[in-house]
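For reference, the structure I am asking about is given below.
Chains here go by letter, A, B, C and D, matching the order in which they are written, and residues are numbered from 1 within each.
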Amino acid sequence: MNKNHILKKIIQSVITIILVLILNYFLFRIMPGNPLQMIMRNPKATPEAIAKTKALFGLDKPWYVQFGIYIKHLLQGDLGTSFLYKKPVGAVIASRVIPTVLLVGVGEIIAVIIGTLIGIVAAWKRGQKIDVTLLSFSLITYSMPTFWLGIVFVAFFSVHLKLFPTTGMVTPGLTYTSTLAKISDIARHMFLPVLTLSLVMIGEYALIMRNSLLDVFTEDYITTAYAKGFPEKYVVRKHAVPNALLPMVTIVAINLGLVIAGAIQVETIFSWPGLGRLMYDALKNRDYPLLQGIFLIVTICVIIANLCADMLYSYLDPRVKN
Amino acid sequence: MDILKVRDLKTYFKIKAGTVKAVDGVSFTLKEGESLGLVGESGCGKTTIALSITQLLPPEGLIAGGEIYFEGTNLLKLNEEEIRAKRWKDISIIFQGAMNALNPVMRVGDQISEACVYHEGMSYDSARKRVKELFSLVEIDESRIDDYPHEFSGGMKQRAVIAMALACGPKIVIGDEPTTALDVMIQAQILQLLNRLRKEMDMSMIIITHDLSILGETCDKVAVVYAGKIVEIGEVETIYEEHTHPYTEKLVKAFPNIFGKREMTASIPGMPPNLINPPAGCRFHPRCEHATEKCRLVEPKLKLIGGEHYVACHLRGDNDE
Amino acid sequence: MENAKKAARKRKIRKFIESFKTNKMGMIGAIILGIFIFLAIFGPIIYPYDPMQFGTAKDVMAPPGPGRILGSDDMGRDVLGGLISGTRISLAVGILATIISMVVGTIIGVASGYYGGRTDAILMRFTDMFLVIPWLPLMLVLAAILGSSIWNIILVIGLTSWAGTARVVRAQALSIKERQFVERAKSIGADDRHIMVKHILPNVFPLVFANTILVSAVAILSETTLSFLGMGDPTHPSWGMMLHFAFESGAASVGAFWFLLPPGLCVVAVVLAFTFLGYAFDEILNPKLERR
Amino acid sequence: MNNIANDIIEVKDLKVYFDMSRGFLEEILAKEKRQVKAVDGIDLNIKKGEIVSLVGESGSGKTTIGKAILHLVEKTGGNIFFKGEEIDPKNNKEMRLFRQKAQMIFQDPYQSLNPRDIIIDIISEPLEVNKLVKTEAEKRERVVRALEWAGLKPAEDYLYRYPHELSGGQRQRVAIAGALVLEPEFIVADEPVSMLDVSIRADILRLMLNQCRQKGTSYLFITHDLSLAWLISDRIATVYLGKIVEIGDARLMVGKSVHPYTKALVSVMPVPKVRKDRKMTILEGETPNPINIPSGCRFHPRCPNVMGKCRESEPELIEIEPGHFAACHLCSPHNINKKGPRS
C-alpha cells in the first residue's frame, strides 16, 4: 500500500476533525449569543451547573483563549456536565455506547449484505419482473421516514399482534436464569428496531449496488469474460461483482451519517437506551453540554470510520495501491 | 479445408427507432490457416459479424437468419452451453482497446490462466506455467505475471490481451481493431507478432479494421463491408490493385501511399446509409458516381469474377442472373 | 432570424419531452407530484380547514366515519384537513430548502472544479466536512440553537444538504473544463467569467437539475424527521408535525392507524415521486449517455 | 536575426516542463520534485503560407509544442516570436490581438463544440469575445462567410442547428469555420482528422490546403500519421521525447530521411499496397516516460544503430544538406557548419 496516500488521508481526516471542533465550538457559543443566557433560560439548570459552565467557558477571556481552554478540557476527556443527569457528559455517553453499537452494527451488517445481494440480483436480471419488484421495493423503503416505519411496526407487530415488546432493550424486572435467556430477551427487543433500521438502508445499498453493477456490465472486460466462454454466474461473481463492490466501500462509510440519523429515530421510537435516545432526551430538555458531547463523539467516530474505509479501499483497489 | 463458413448471416438490432439491419446477408469462408480482413467504415457492421460468430451480441441484437458453420457444425443451432464450450477454446477474440479488455482488479496472469482452468481443467499451477509460456511467446517478461493491468504499458496490455486470446490454443482468432489507438511503431510490433503467432500456432485469423492499409502485411484475403453487406472479397493484392467495386476503389484511394506519388487522397461523397431504412437496390448507389437506373432498383448479388474474387456490383459482373 | 433560434430551442425541448414521455418512472413521478402540487395550491380552497379548531372530547382519535373520511386526531381535528393543509407546508419547505442547497452546492462545486488548485483544496475540505458530519445530529443541533421557526428549518436543511451537490457539480465541472470547447474558448481569448457563464454552467445545469430533484426528496424527508423529533414550527403544522403528535399521543398503542398511516404515506408518495423524477431526468440528461 | 520578416512564427529553445506534484499536501509528502519535460528545447520556424507538420508518437510532446506556441500552456523557457515580435502573455492587449491572429483546430469535433450552443453562436464566439462585430446582421454575415469557406453550403442551413444534429465531418468543418472566422494568419491544427472516418479525411485536408494556398495562412499540423503529414505539408519535423530529431522538406523526410527514428517510422508506415520485398525496421519497446529521459541521445535505448557515443553526449540538430536538419551522431560529418534550423 502506498504510504504517501495513507499519510495524506490521515492528514485530511485530522484537518476535518479540527474543522469540526471549531464548528462545534462556535455553534454552541458564538451563534446564539451568550451560552450562559441559554443555560440560565433552561429551567433545569442548577446554580452549580451555571457556575461550573462559567468556569469552564472562561467567558471573560478572548475567544481564542476560550477555544484553547475548550480543547484542553477535551483532551483531558472533560466534556462538561450534563444538566439532565448531573453527571459528567463523558460518563453519560459511555454508559450508552454499547446498546447503540449493537443496534447500529447489526443493522448495518444486515443492510449491507441484503442490500448488496438485492442490488446484484436486480442488476443481473435487469428489466425483468424480479428487477422491477426489487427496484420498487428499494425505492419505496428508501423513501420512507425511518421513524414512521418504526411506529407502524410498533402499532402492527407489538400492539396489534403482540409479537414483540414495544420498548427498551430488556424486559424490566426480569431476572435471567442463563446467559442464553438474556441474549434471547435482548434479541426479542432488538428485532423490530434492527428491522426498521436495516429496511431503510437496504433500499439505498441495493440502488447503489445495482447502478454500480450496471456500469460495470458495460465495460469491455465483461464482454471479454463472456467471450472466454464463462457462464453468466461465473462472470458476475468473478469479474463484475468485485469491481462493483469498490464504490460500495466508500458509500457504506459515508452512509454512517445516515445510520446515525436512523439510530436516533429508531431509538426514540423503541426507547432503546442508546446514544440516539440520549440525544433526543438532551434535545428535549435543552441539555446543551450533553448535546454537544454526543455530536462531537459521533462526528469524530464517523470521520474515523471514513478514514478506515479509505484505507480499505486503497487495499482493495490495486490502482490506488501504488 | 474450410474451417469457418458463414452463409447469408443476418443480424438485426431492435431499438426504439426501428430495426437496424446491421448485418444483412453476409457470406464468406475462412480456410484453415488463412487470415481474412474485414474492412469498412465505422457502423458498417463488421464488429457485429464477429459478435454474431461467437454469439456475444448485446440483448437488443438478434441473429435473424443464416448459418455459421465451424468445422461443419452450425454454431447457430447449438445451445448456450455448447456454444460456451466453443468460445475461447475454438474461437477467441482480441477486443478493441486492450486497456479496457482487462479486468482492473484482477492480476494479469490470473485473467489469462482462468480460461485454461475453466476450459481445459488444468490445475492452477499448470495453468500458471502455461501463462509463463504465453508471456514469452508474446515477449512479456514472465516476472510480470502477478502485475495488475494498470502496471502495464499500452503495448504490453495489447500483448497480454493477445496472450489471453491464445491461452486455450484456439483454431480461430478474431482481432477486432487490434491496433487501433496504438502508436504506429507499436502497431507494427503487434501486427508482426500476430503474423508470427498465426504461422507458429497454425491458426486462422480474422482481422476487423477500418484501416485498409494495415492489411497488406497481415491478411491473405480481404472482404470489404459496406452497410451490412460484403461488396467485394478477394486476395489482398486483388483488393488493392484490381478491385472492381466503386466503393473499394474509393476506399483504397482514401489512404496515402508514401512510397508512391504524392497526390491528394480521395474522399467518398455523402454518408453511409441509415441501416433502419437502407436504400433500395445497391446500398452504395446514392454515393456512387456510376450509378444507373438498375442500381437504384435491383440489389446486386455477390458474383465470382475470377479466381477467388467476388464482387457485388451491376457495372462489373456481366453474368446477370 | 430570432425565430430560427427559437425553433432550434423548441426542437430541443420537444426532443426532451419525447424522451421523457417514454420514461415510465418519470411519468409516474410527474403525475404523483402533479396531484400533490394541485392539492398544495387549491386544497385549502376546496377543503377548508382550521388547525386551531379543536374538536370535542368524543372527537379525540375518533375512527373514520361520516363527516370525517379519515377520522380525527388527538385534538379532535379532522385528519384529512390536516393532511391537505400540511401538503403546502411540507412541499414549500422541501422546495425552498432545495433551492438554497442547490445554489450553495453549485457555486462551491463550479468554483472548486473550475479554479482547481488551492481554491479547490480548501473548498473540498470544507465540503467533506459537511459530507461526513452526520446530517441529522447537525440539523438537530442547529435547529435547537436557532429555534423552531419554519424559516429556520428551511435554512437548516438547505445549509446542511448542499455537500453532495457540490461534489457532483465539481466532478462535472472538472470534466467539462477538460473538454476541448473550453480549451477552444481560451484559445480565442475568452476570460474565466465568459467560460464559466457560457460553457461550464450550461453544461453543468442538466446534472444540477436532476440532482436538485433528488435533493428535494431528501429535504422533505429531513423536514418530516425534524418535525417529528419536535423541532418543527408549531404554527405551520406539516405532515411530520402530525406524526409527532400521533407518536406523542400514543396513537400507536391505541391502534389509531387512520392517524398514523396517511401522513406517512403522503411523505412516501412525494419522496418517491421526486426520486422517480430525479432518476428519469438523470437518465435523459446524463452526459455520460449523451454522446452520439 | 535575419530573414525574420518572412516568418510568421519563430520558436527558439522552447521548453515546457510540468510539475508532477500538485496540492500542498503532496508537495510536503513528495520526496523530490518530479518534472515532466514535455518539450525540452526546440527550435522551429514557420513561414508565411507554409504548412509545417510535427510528427511523433503519443507522449512525444507534439501537442504541447502547439499549445505553447499559442500560449495555451505556459512555457518554462525559450522565446516565441510572432511576426518577429515576442508576445508577453501577461499583457492583455497584446494577447488579445495575438489570439485573433493565431487559432487552433482541435482533434475531436465531438468535444470541441459546446453541445448546448447552436452553430451560429459557436462560430461567432470569437467575434463576440473580442467585440469585433457590432450588429446582428454583421455577425451573421461573417459567420455565413466562414461557413462557406469551410465548405458548408448553403450556410443558412447550418446556422441554427445543434452540433449533435450534424455528422462528424460537418462538425469538423464547423470547428474549422470557428477558427477561420477571425481570418487568422496562423493555425495550429492538432490531429484534425484522426477522429474522422477515412472517407472524409481528404475533404478536411484539402480544405486546409486550399485555405493555405488562397489566403496564405500558415499551419502547424500536428499528427501521429506521417503519411498525412507527407501528403499536405511543406516541411516535416519528427519529434521524439520533447525534441525535434529531424526536420526537412516533406518529400525528403520520407525519401531521404537520415535519423534512425524517422527512418524507422517511414519503414513501418502502412500503405494500401502489398510489398513483398518490404523491409521494416520495427523498434523494440515503447517511448519511455518523459519523467525519466535517457542520458545522451534520448533515442539511444531503442536505436538500431546505437554507438558508444550516443549514451554519453546528446547530439545537436545540424544541417546535413540545405534545409534538412538531423540530431544524430551518425550523420554528423565534421565539415557541416553548426547553425539553427532555418530553411
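A few points about this structure:
The definition used in the following text is that contacts are C-beta pairs under 8 Å (C-beta built on N, C-alpha and C of every residue); 3 or more make two chains touch, one makes a residue touch a chain.
Predicted model only: the values in this text are computed from it and were never measured.
Number of steps on the shortest path from chain B to chain D, with steps defined by chain touch: 1. For chain D, the chain whose average C-alpha position is most distant is A. Interface comparison, A-B versus A-C: the higher count of C-beta contacts falls to A-C. Chain A and chain B have centres, each the mean of its CA atoms, that are 53 Å apart.
Computed from the mean C-alpha positions, the centre of chain A lies at a distance of 23 Å from the centre of chain C.
Chain D has its Cα centroid 55 Å from the Cα centroid of chain A.
Among all residues of chain D, those that touch two or more other chains are 25. In chain A, the positions touching at least two other chains are 12.
Among the residues of chain C, none is found touching two or more other chains. For chain A in complex with chain C, the touching residues are 12, 15-16, 19-20, 23, 27-28, 31-32, 139-140, 142-149, 151-152, 154-155, 159-160, 166, 254, 256-258, 260-261, 264-265, 268-269, 279-280, 283-284, 286, 291-292, 294-295, 298-299, 302-303, 306.
Considering their complex, residues 41-42, 153-155, 183-189, 192, 210-214, 216-217, 236-237, 240-241, 250-252, 254-260, 262, 264-268, 271 of chain B touch chain D.
Listing the residues of chain D that touch chain B in their complex gives 57-58, 167, 197-203, 205-206, 209, 224-228, 230-232, 250-251, 254, 264-266, 268-275, 278, 280, 282-284, 286-287.
Of all the residues in chain A, the ones that touch chain B in their complex are 219-221, 223-231, 234, 238-239, 242-243, 246, 316-319, 322. Interface residues of chain D, counted against chain C in their complex, comprise 22-25, 70, 72, 95-96, 99-100, 103-104, 106-108, 110-118, 120, 125-126, 129-130, 136, 140, 159-162, 164, 175, 178, 182.
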